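Next come two complexes, and both contain chain A; in the first it sits with chain B, in the second with chain C.
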Partner chain A sequence: MAPDPTPVTEPFPISHIAGRYLLFDINAISHARRHHNICGVLIGTLPNLSQQNVFLGIPLELMPEEARVLVERGHAYIVDDVRAHRKGCLEMSRDERLKYLREMDRQGLEFAKGVREKAEERAERALREKGLVGRRGKEESEAPQESADAEGVSTSNSLLDSTPSTSPSVAVPEKKLEPHFITPTTSYPPLSPPSTDAALPLPSVPKSYPLFRYLNSRGYFAMPGLRFGCNYSVYPGDPLRFHSHFLATGLDWDEEFELLDIVGGGRLGTGVKKAYLIGGEDPEATPAEEEEQDGASAKPVRAFSIEWAGF
Partner chain B sequence: MADEDEDLSHLRAPEAADIDLDEETQDFRFLDKLAHHDTSSLSLPKRGEKDFESHSTNLQLETLEASRQAMHRVLSIPRTHTQKNHILGMYHPETNMAYVEKVKTQHFLTIGRAKGGKEWLLPEEALFLIERGSMDCRWPVDLEDGEGAEVGAPMSLQGAYAAFIGFEGGVGGKLTLEMYTVYAGLKRSGYVVFRHGSWDDDRAPIQPLAQKEEEKPKTGYLSHFFAELWRRISTPSHIIPSQNLAFGPLIKPGLFRTYADIYRLLQIIPTHDRTSPPQFLLPSSSDNPFRLHFDVWKTAGSQRFRKAKRPSPDFRICVINARETSIPTGAQLNDLMATVPDDPPKGTGQIYQKLKHGRRNVILAVVDNGIPSYIRVADCPFSEEKVALCRKTTRGESLRSPIEKADDEGMLADALGFTFKLKKESKNETTGRSASGG
Partner chain C sequence: MTRPGLLKPAVQPSPLQSLVADSNLLSKQSHLPSLHSLALQLQHNLQYQHSWTDLHVHTHSPVTNEPLPRPLLSGLPPQRLYIHPDEQIELLKNADRERKARKAGDKDTLEVKAEPEREWVLPTRLSEKWTLHRLADVFNGISKIPPEHASSGAEEERAVNPWRTKKRVVLATVDTDSTVVYYIVHDGVVKPRQN
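== the complex of A and B ==
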């Protein structure tokens, strides 16, 4: 497997906003997916592809269970993003702001340069395909308006003009380039990444958490399961590549539940080519050895899968 | 019979219409091809092939790696604004809103409200515009230590979520991340979405019953008089007390002019009365989750939507957080239903259509950690549809009672007569024609 595009230093921050756990850093999102089986739910709109609901983008919403697993194992910590922004952005000093604006201007200029270069490349390629000389085409694509307005010469004329002009490829005056405005994805900078000392306590989780943690430690991926009437739909690997295998519902060890739940879950699961899975944590058992590394509270979990036999 | 059918159903290959792209995590490799060309005319890729389980072959690992990298690239697309298309927004911390001085794109046909020469954006509207890369929002500048004309620092996407969702509680707002998820999802599908009028209140006011169209007596006074006389003679003047039900026949020997009268006598189970004006059963409470949040309109092709003069909405949506809210009680549902307009089914449609439509309906958007499911809840007038009588008129259709049929299609009917139906977002219907603007 190829190495990460950009390595992430652990623990990485998880934004806590209005009671929800969000990830904004693309590297952290990829990292959690690759190394910790945490895929979360992308809830943001993709710029340029903002008229569809099939592919979504940043931010990534983590279930409280996912956030908790990451924090318990020391991979991440939780940051009060609301307070950080209130302090860092609403009360930003003038110097800081100007510095930040200059930096954004520089990035914007760089981006504009990139866009122009790409456009030139495209224009050149298109012209070459048509059998025209790239260099001449370049000049035309860059300054169509100037040539048309100032000299009154149509662009097609300048193309046919056979007199060698004076080095047209350097005709990109730097000052003509207008910087694009950029909306950054994360707030670092201008905010400095928060320190781990100010981390918030562990997220509170539903009673299905032990089952989630157990499945996660076994390399399974989980997504929210309301659509299938369960707590989690569980994947054997990255949901990008695999179909889910289980519809999991976490219960307490001694909890009584309706037998009809088994029938309903089993039938629904079988109908969508999955198995219904129930599981819970034994509160009286001693922690199993392999589980111990995950945290002192990890007790053994038993899980059962239910499938319609279909004789 | 029915059982056999059901067992067979999962053996069939899935039909094309059954495949819902939303249901599964999609392979971002398809988008990757598109992401390199930033043209505005992008079409969506087809569903990808997935594997059943890991077999650790190089092929599988490489495919997965390619998918992950494609996802990484697509998610890394920056939000940039050219000088020409730049919409500059300014954050206003006191109200947790944003304002735009110069309105340039069509987005503002269905977003924002003009006040004092500026276009004001509610938190969800501002956040959505920032997220889709259509607006460059700035943090406010402290005027005390600088000149007035200075530009503020750009608000990052992270900052926008922290502000518009996170600060919202501090200014007494009610927007939660779940509501925003629903708002943004509907906007992406092309619907027009505005806050319901009662947003700031604990619940919306009671909506009165719909006016019944007056039935004009077609016949003359004399025949009307006789008809009335017959009706009085033939309709039972009293309801049989329950202790008498154990004895004696429900239908006493007598003069019956129509079957309807006999059937009326057979109806001994009381039903919910929809002719009396609705009433709240619970006291008003600020933490009642079942209240209307959004009004939703389909984008009609030719008709231009005017945000200042909005027509009656096509759908009313109540956003529910699946992790904090349980299934509504009858009283909660009654109170929610009382706040949506009475919308009786029109004309003489088929009985099942009428039942499905219901008298009042609302859409519950149940959000489970960022994934919304839309459920339509309708107040189902079972007692108003005379099954036995229409058996005569529509023959082939009414061999089975509507209740049986409703059951088959996954509707649940309870004593109050509500139906629940999972609603598929009809996005294909609107996506193409929606106002794209940017």
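== the complex of A and C ==
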């Protein structure tokens, strides 16, 4: 595994906006995935042009279960982002605002410079591959010699015959570099990160939460299970590297279910080389040793894996 | 109009019907007769349709000796019913090693040897509703491997499979038209087979 590019200080904030739990910081996203088996779903797309594909960007939407696991274990806290923004932006002084804008301009200019350098590099490499010129940028002073070179080669290249004026002696005046406009994905800075005192209470979660917590604590990754008609599709490692193992459905301990659901889930799971997993919290049992990190409040979870018997 | 008792009934009861109605088998008072007859019906199905052997009805837990939530069956399928994916890898490796060890002239096939294992069977009806609680109670009452019976003493020295680390039952669900489906239920998170 590659080393962490930028370490994230825990607990990191989770933005709660319009009932969704969102992560905007790319470092926090990779941190949660790397260290806490939390994938979430990237939902960043064009407004009104949402599409189902794998090329969506930030923000990352967390299921309430994922947000709750992170908060319960002390890795994150929930922030009412609307309030934090309104408060932070209104309290910002003029000096700070100008400083921030200047900083954005500086970053934009740097970015634009980087883009131009990359483009020049690419052009140079392409020319060199064709054997046309060496270092283009350096040779603006030695233009006559270079143009001779270029003509010498172009005789063998019918494409360039019509355009012998590739000579850079007609040097285009260097365009003034326009700074790129940068849209930062997070607002900290300029705002100071919201304090953990103002954190919102634990997210409310569906009844399948105990099963989610149990699987997460055992190192499994969970993704939404809609595609397979269950609560979660559960992966034994990062979903980019593994096929999922289980179609998991969380139930209450005394909740009645139809045997037809078991048969259907088991048959579907076996058909796609997975097992159907049902599980829930046993309210009568005493906490088992494997649950110690969740504190005493968490009851042990019991799960059953179902597969077709094959006869 | 009364019929003399000597007269044959218009329709002979099927063997299954007479088996299920056999008062000797139903005489045990530990469970409801409907649950007993369900177990017998599945025993019949396993024995005659799927060629299982060594079938027994269990009314009491071999672990605690308490009555089980319902009568369970145990039996020996004709082939191995379940191979854990990790065990499968090992079996394939062994088979490959043996094939290489054989002389070139012999048949060049991969022979995977997996001895059949005794299984628990949980009889259910499709119309029933279950809960995690009831399922857990069934698992609490059973042992990892069904107990050997005196009648099958000849095969007592069968080695214990080291891969069988979690309890499992075969969930047999029977519909009103007597169709039976069989599913393997493991107690715990067990990774799926890669068929």
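Note that the second predicted complex is superposed on the first by the 257 of 311 C-alpha atoms of A that agree within 3 Å, B and C clash if a C-alpha of one lies under 4 Å from a C-alpha of the other, contacts with A are read in each partner's own complex, and residues count from 1 in each chain.
To be clear about the criterion, contacts are C-beta pairs under 8 Å (C-beta built on N, C-alpha and C of every residue); 3 or more make two chains touch, one makes a residue touch a chain.
As the structure is a prediction and not an experimental result, all values here were calculated from the model.
Of the two partner chains placed around the shared chain by superposition, chain C is the only one that A:256 touches, whereas chain B remains out of contact. By the touch criterion defined above, A:215 lies against chain C but remains apart from chain B after alignment on the C-alpha atoms of chain A. Once the two complexes are overlaid on the shared chain, A:87 sits clear of chain B and of chain C alike. Of the two partners chain B and chain C, it is B that touches the larger number of chain A residues. Of the two partner chains placed by the overlay, chain B and chain C both lie in contact with A:270.
Using the contact criterion defined above for the overlaid structures, shared-chain residue A:245 touches chain B and also reaches chain C. By the touch criterion stated above, A:227 is placed in contact with chain B alone, chain C being left untouched. Of the two partner chains, neither chain B nor chain C is touched by A:125.
Touch criterion met: A:302 reaches chain C, while chain B stays clear of it.
In the superposition on chain A, A:102 contacts neither chain B nor chain C.
Touching of chain A by both chain B and chain C, each in its own complex, is seen for residues 236, 245, 270, 273, 310. The residues of chain C lying in touch with chain A in their complex are 50, 77, 81-82, 124-126, 128-133, 135-136, 139, 170-171, 173, 181-195.
Taken in their complex, chain A has these residues touching chain C: 215, 218, 220, 236, 245-246, 251-260, 262-263, 266, 269-270, 273-275, 277-280, 282, 302-311. Considering their complex, residues 1-2, 5, 15, 17-20, 22, 24, 26, 29-30, 33-34, 39-55, 57-59, 61, 63, 81-82, 84-86, 89-94, 97, 100-101, 104, 108, 111, 178, 180-187, 190, 206, 223-227, 236-243, 245, 270-273, 310 of chain A touch chain B. Against chain A, the residues of chain B that register as touching in their complex are 7, 9-10, 21-28, 31, 34-35, 38, 40, 42, 44, 50-54, 60-61, 63-65, 67-69, 71-72, 74-83, 86, 93, 128, 130-134, 136-137, 139-142, 145-146, 151-159, 161-163, 165-169, 176-177, 181, 184-185, 188-190, 322-323, 366, 368-371, 373, 425, 427, 431, 434, 436, 438.
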